[in-house]
């Protein structure tokens, strides 16, 4: 109950964090709007608008950076400024950390959903399957939060953890081949397909669009498996750091 | 009742003993002033006493519980005002207090009431709906204190709560500390401002290099130290004063003249002011008198200087 | 030149900065070439974005000085503000010029098709000046280091997109192509196109001069507001 009482305040802090709103809401909306103007009317060989693919990739790509607020609040409350006060208080800090993870992931998910809504209502993009896309957004949000918690618990310096989270986000975007083609090598091919949460989630949504649910579930379950694998890692590292 | 105690507590950082077999007791109802220079171990002591820092040796007991001193039940009765200002910048003052009230188990009406009381207590009621990043340093410090008060702790530990703030805010904080004691809160107050401890503490513990050098009431500490009083007379005719007669008064150690000032150094507590004054008045008009009584600063400087030399000699 | 020397030291003191300042230009050398677009290999186009990021990261050192009160301390020392500013900008310019040299020279050694290496180097240098001046103007407006950097990062992405570094301007609608002209990134992309298509030298001079004009304008804006 005590930890539950803090959820309201965590959400308030998230909503008042204008930098997060800028980076995870305003910037993607601005970019999508620009892309929709640039790519308006352009279609690929299969007749699908280029903008559809771009919007999907962008909505999911920004989820890679959603864990940064979780990381920042955990550091501030449990390892830095509020550390002493929280240690002395009679409540479960592990649960509190978990509540921040949940709130941060939920917030990131909501921002992703808001961007989806924007593309539909303002830019006229038709999403094939809202539920499935939202599910993938949720998976990406949770994965990003877990990875960032592992970074902040695993390294002593918070700025190093921040840099690692940036490498995680930017790295997978680059490895997905969005900016330039990757070398023709098994490792890069793997990291650009089944080893990349971004390409996996984009692939899962694309598979549903063409009705290939087997492939869609397969790719989504790889992301889920990654969450399942990293979750206990996060628990162990978190407990160790909180001791 | 002893609310908190430390027995032979040792905390090392490498070869340096930050806490060197410390013994300390805090009894219910007192304000214990923990005095020491930077690096004495005050913050380390607090961190050890509150369970933030594990110790290498020794026993710590909170509210009579030495088996599990840092249990949730004991933490519920403990409040900590951190040296660093630890408030949520994005939440208003009221919201920040509600957060801490919530984690101490307060609910609904009780929580609202205690938050309002805490804000009133530190004089921030008018700023309840403002965010701290717009506050002055003194206001942030007061909010920092309020965060530790919503759950009405039995034992409140304040780690240098007046660092870097204006005199008005400092006075407000000191008054608040005394009010808390009247309300039944026991307080451990650390500072390196001697005048604060002199003003509010019922007992003083002097810490230096991880060791308790001396403890007692302010008066006891002053009396245990052999020290001198300095009395300065501003006189109309300094050359007319018979200095030998003044020097012959029992307890007078030294008499010197500088311009129109006669400085007399006498043993503390000798009560020589009347005797010296009568001699001076017989031979000259007295324009002004200044008497410096020994204070805690003199005690501290004497203790940490002399005692440490004695300790080094006896090793 | 104490400030100049220590600015260079401070620029490389931070590990993240050190990695970014050394690894990023080297990585740009080895990125592949596109088919038809961009006009040079990907790395040589994206190096423009790297320059923008490096400029704001370096300029944050001055922002740190303001936030931590070092600027206040210097203001009562016998150091003129413009000397402080000039030495900082000189140090940053040296770093960016060195990076540009590494990228161009490295590309030439690695066998990348650079068309006119000297012209490319000149383009990078003039864009570096513009980037530094923009970063200076930007930080003079902000009080928070993090907010300044994160807002600027968002702007860089948009400017790179709208200027034609990430996507070719030819596919843009007419309106966006006209708007793009006001962006320094547009002139950078134009410079790359001009070098790759062997345009007359006067064309390169015109583009570099435009970038230097941006540098001058932002420098005036950034230095008149004295970061106090």
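Note that the chains are named A, B and C in the order they appear, and that numbering of residues resets to 1 at the start of each chain.
Operating definition for what follows: contacts are C-beta pairs under 8 Å (C-beta built on N, C-alpha and C of every residue); 3 or more make two chains touch, one makes a residue touch a chain.
Computed from a predicted structure; not experimentally measured.
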item	value
Overall pattern in which the protein chains touch one another (line/ring/star/complete/other)	line
Busiest interface, counted in C-beta pairs	A-B
Farthest-lying chain, centroid of Cα atoms versus that of chain B	C
Between chain A and chain C, centroid-to-centroid distance (C-alpha), Å	30
Rounded Å distance, chain B centre to chain C centre (Cα mean)	55
Distance from the mean Cα position of chain B to that of chain A, given in whole angstrom	50
Junction residues of chain B, two or more chains touched	none
In chain A, residues with contacts to at least two other chains	none
Junction residues of chain C - those touching two or more other chains	none
Contact set on chain A toward chain B in their complex	1-3, 5-6, 9, 12-13, 16-17, 81-85, 87-91, 96
Sites on chain C touched by chain A in the complex	15-16, 31-32, 34, 42-43, 46, 146-147, 150-151, 153-154, 157-158, 161-162, 166-167, 171-173, 176
Chain B to chain A touching residues, read off their complex	47, 50-52, 72-73, 75-76, 78-80, 82, 84, 86, 88, 90-91, 95, 98-100, 102-105, 107, 147-148
Touch list for chain A against partner chain C, complex	19, 22-23, 26-27, 30-31, 34-35, 37-40, 42, 159-160, 163, 179-181, 183
